[in-house]
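In what follows, chain A forms one complex with chain B and a second complex with chain C.
Moving on, here comes the complex of A and B:
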């Protein structure tokens, strides 16, 4: 165990090394593209450079993780625990996948503007701050860094009105959500006299929750609810996912969601363990609403991209069920599910880029009829993704759901698990038709799928994800241990500070 | 024979081999040329059958315990192991599966004309799932096998099925999945409760069986979850509506395996899991009454609906609802005879209905219609087909001397003491069965040869005769001399009864633990 003194500048620099490296590298890439931003080759260069940055950051993260760094003394602004590393690793993976998918995509869509990649890096840095925030202020900063970058990415296809609509919608709703969050932070600060999560937890324990803190908690939940697109704060999600360039939709559904969930879990478990009676019913209600509404509306979609958007709301509902547990097992389940969902969804969005043109908004179930005959590999990949999203045994999605069920059942709760599986059955009604269309319906024309294809980098990233989804689904043992161990460290930093 | 099997260590590897071999077979089927896919599949499934036959001797028929048990840790953190083993009940189900699989492959020889590689690869994957489900002794593993075999069957129906195949495939999938997901929650709850009491986290069957009492007041809910999953699979009225669609739309091999093996997973689930875990709930007067009433409704309703079907395949599909009603009645009959009878019906329904679907497939390949009214008097044109069809129909009716009779007789005999009224009503099911099957037989095979299209039908060829022969042998053998099969199932049956109603089944009662691990 390497203890790091978070009060000293050197300590902070070490603790934040992954984020610092990533941000610095993003600025370097930005510098490079200010000279080279005209040709497709420039765009590719920026993409590969960004991958290198992600690699550096990942190496720093791994060093911290393997080195077992832990804070010396009082908890400070940033967490030093495997839960942060796990969530940050998911964000890095999502970013790397997004970059690999984007390499060919941007060229194909004629979006030659290499600023795209530094923005992805900055968004990722924001996600990592968000996932590691041990202080509400850092949390807010991380959220904003991430969001501002993603607003721009959402509207990256400037010629497409839908992309601009997505950006505007995301920005307005995001600003609105930030308002809630900030006001919540202010109220919590008023009640606890601090913005540090562990100290808030210590201040609020052992006495009835003050009204001001309860209000603050409620506003925080609303603000976070927007970011994880839980019903009833989900209205923006379908249009934004739909209008954004598809790799960006993938990043939003995986990285952004992962970071926001990690922050939510940390806030609830570190700052408000004593208010568990207050937030559990709210989280349960959000979970039930998200699972039901998300799955029911996804059933009604014709476009695959919109279907994935609505189903991401349903998956947020499943994860909220795990958040509800408020235990280490629950946090571990969130982490594992984020990885399962992230890998699968990124691959699904990536495969979607192969199917269409101009944002893939209009790829419907009918358009993929007979795909299995023309493009067996793409069809197989998409089929595995659908089964994993459905939570079918043999895939990582199943292990994720199983973990959530175990975590919640261990708390003696029966209604949430039953609702979770029943709404999962609903989801079969829209995931299976994808498989059905590809494998069981005849192709509308002989060369209908002639244009379907992936760039080699995208194909590699997607293939790796799909293989990982299956292999980890069959041999989840190691992953389960990592997720469980990461979650167990979550509240170890919560020192019993001065009581009331 | 036993000595020979011991000398090659048969018991050590056979259960693993039966699961792995078909999966290995998938590779050459997919990579080989399209034309040789069916030959490879036939080779693999035949090899599987030959390998599995040794189980008949490897299992000690004198004991009702689970034998050949092996345990490989899989996800130790969650107490999950790859744990397999068999007893007399699993034995006959595994043998039924491995017997019907090469026959189904042969039955698809000419029926499947496109995407053959995919079809036979899925058949092999299905074989793994089916064998796995009957030998799994860890609830996690059982659940995985239970679910995973949906995929191959979903594709088999959806790609190679009839005109309405998409609807049938998704209905089949969603029905089964809805039930099994509830069972998943029940499994998690059961394991968690047992862990709370014993302090030991494990999904192993015997551990949960011994300590299932720990669930306390949750037992009715958990039983309900298990029961719904299995009831959909059986299917018990009113959960049966997926069955006619799936059976009719599926290609011949799909129908055969659905009817002959997959339905039995439901009844097997009741015998292996649902009832032994929660006997106080399952055999309580209220639940018993509900199950028996639904079983009897299934028997009579299935028979009556079968009677009015114009489509012979649909007629056979509905007759399954009726036959499986007998199985449920026998399980709840609660005597050695009735449970043995249920098991006998499970086997003989597998053989007879499998044979019927194969025969229907054969005649469909020639005439491309399944409407009963399109046939008539074909006995003169295809005498061999007609003879075999008649024998199979008679066995399905339950003619004494053929296999169908033994099981139904035992069920009715064994259930009469517990449920006299229900048994009497169920007996009408036998009469109805005679009515609908003989009537269909008369309209198709006998009567006058009045359709010119039927005059040019060709009779069965060598392949078709070869694949029917083992089934016919089974039909006659089980009808005349079922004793060896009954003897192998009896200890397991007594064990089951002893678990569910202590004191009822005396003889084997004193014999140690449920599972024996081989040294």
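Moving on, here comes the complex of A and C:
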């Protein structure tokens, strides 16, 4: 156990080493692309450089995690616990996958602007700040750094009106949500006199929740609800996922969602454990609405990209069920599900880039008919992704759902688990047709799938994700242990304060 | 001595402000304005308002000017100048100048004695020390360290991390604005 004094500058630098390395590296990449940004080769160089930066940041993160760093005294500004490391690792994985998929994609789509990669790095740094925020100010700033970079990435295809529409919609809704979040932070500060999460938890415990804090909590939930695209704050998600360049949609569905969920869990469990009676019904309502609306609307989609967008709303509902539990098991389930969903969805969006051109907006179920005959590897990968999203036994998606169910059932709640299972069965109605179309329907033409293909880097990243989904789904015990241990430390630092 | 310093900076402020208005290129006008802001900051220091001076440099000479420069660069203004000699422009000029003149005449009637009596009669604002527990702390800090110290210590010690993240946020916003708005990357 390494004790790190977060009051000293050196301690802060050590605690934030992964983020500092990543941001610093983003500056270096930005310098490099400022004088080399004309050719496809320059774009590739920026991409590979970014991967190196992600690797450095991941190494620093691993060092902190393995070293078991913990705060000396009260955690300030930034958390030092395995829950943060786990969420940050998911964000880094999502970013690395996005970069690998983008390397070939940007060239194919003629998006030669290497500024893409520094923006991905900055967005990832924002995600890591958000996931590790121990203070509402850091939480807000991390969210904004992440969001600003992702707004731009969504509109990166400047010649495509749908991409611009996605960026504008995301920006306007995001700014609107930030307003709610900021107002909520202000009210919570007014009620508790601090923005530090564990001190808020201590201030609010042992007395009835003041009206101002309750209002602030509600506004915080609304602000976070937009970012995790929970129903009824989901209206932007389908259009934004649909219009953005596909690797960016993948980053939004995985990294952005992972960081926002990690922050939501931390806020609810560290700052508002005493208000559990207040937020549990709200989270339950959000979860029920997201699961039903997300799955039912996904059933009606013809385009694969839109289907994945609506399914992402449904999965946010599943994770909210785990958040509802408000226990360490629930937090561990969120973390595990974020990894399962992240790996699978990134691979699914990556495979989608192989199927279409110009944003992949028009790839329908009919377009992939007979793909298994022409491109067996891609079809197999997509089939595994669909099964994992469905929660089929033997995949990581199943382990994730099972872990959520066990966490919630342990709290004696029955309605949410039953709804989760029922809506998962419903989701078979749109995941399985993908597999049926690929394997059971004849190809419309002999060379229909001739253009389907992936760049070697994207293929490598997707293959690694798919293999991980299957292997971790078959032998999950190690992963379960890590997720459980990560969640157990979540409120360790806060609990002693909550006493008298 | 102090008076001499004042006159130097005041002269610089007046000259650069005039150059800002007179220069025909938007880019050099912005740069002249930066010089004006900096000399105004020096005048604030002479009034022993160090904090306002620092904020003047940070916010006006720094952030706002960078913003202006980016807008000018992104708009690709070039040599285009609009003709401001029409009757409409003349009418606007007369109206604005007239308003300013009225203000000036209103100020004429103000003597230091009248100003002092008005300030004395103004309703007292609430004392921050009675409103917040932190208000008294802030006042003590300001007495012991000066206004700048009272602001700088929390900003660079307690809130160092958010302060630095803000710079990352601004960088991301700048890169994003250039990527989206520049005509040819």
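By definition in this document, the second predicted complex is superposed on the first by the 494 of 500 C-alpha atoms of A that agree within 3 Å, B and C clash if a C-alpha of one lies under 4 Å from a C-alpha of the other, contacts with A are read in each partner's own complex, and residues count from 1 in each chain.
Note that in this section a contact is a pair of C-beta atoms (placed from the backbone, for glycine too) under 8 Å apart; a residue touches a chain by one contact, two chains touch by 3 or more.
Here the structure is a predicted model, which is why all the values come from computation and not from measurement.
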Touched partner set for A:414, first chain B, second chain C, both or neither: first
First, second, both or neither for A:37, with chain B first and chain C second: second
Which superposed partner A:113 touches (first chain B, second chain C, both, neither): second
First (chain B), second (chain C), both or neither touched by A:16: second
First, second, both or neither for A:320, with chain B first and chain C second: neither
Partner chain(s) touched by A:258 [first = chain B, second = chain C, both, neither]: neither
Contacts of A:454 with chain B and chain C, given as first, second, both or neither: neither
Common interface positions of chain A, toward chain B and toward chain C: none
Residues on chain C engaged by chain A in the complex (per definition of touch): 158-162, 165-166, 168-169, 171-173, 175-176, 178-180, 185
Residue numbers on chain B that touch chain A, as the complex places them: 74-78, 143-144, 147-148, 151, 154-155, 158-159, 165-166, 169-170, 173-174, 177-178, 181-182, 184-185, 188-189, 192, 218, 221
Residues of chain A defined as touching chain C within the complex: 9, 12, 16, 23, 27, 30, 37, 76-78, 113, 115, 118-119, 122-123, 125-126, 129, 135, 137-138, 141-142, 144-145, 148-149, 151-152, 155-156, 158, 167
Interface residues, chain A side, partner chain B - complex: 387, 392-394, 402, 405-406, 409-410, 414, 417-418, 421-422, 424-425, 428-429, 432-433, 436, 439-441, 476-477, 480-481, 484
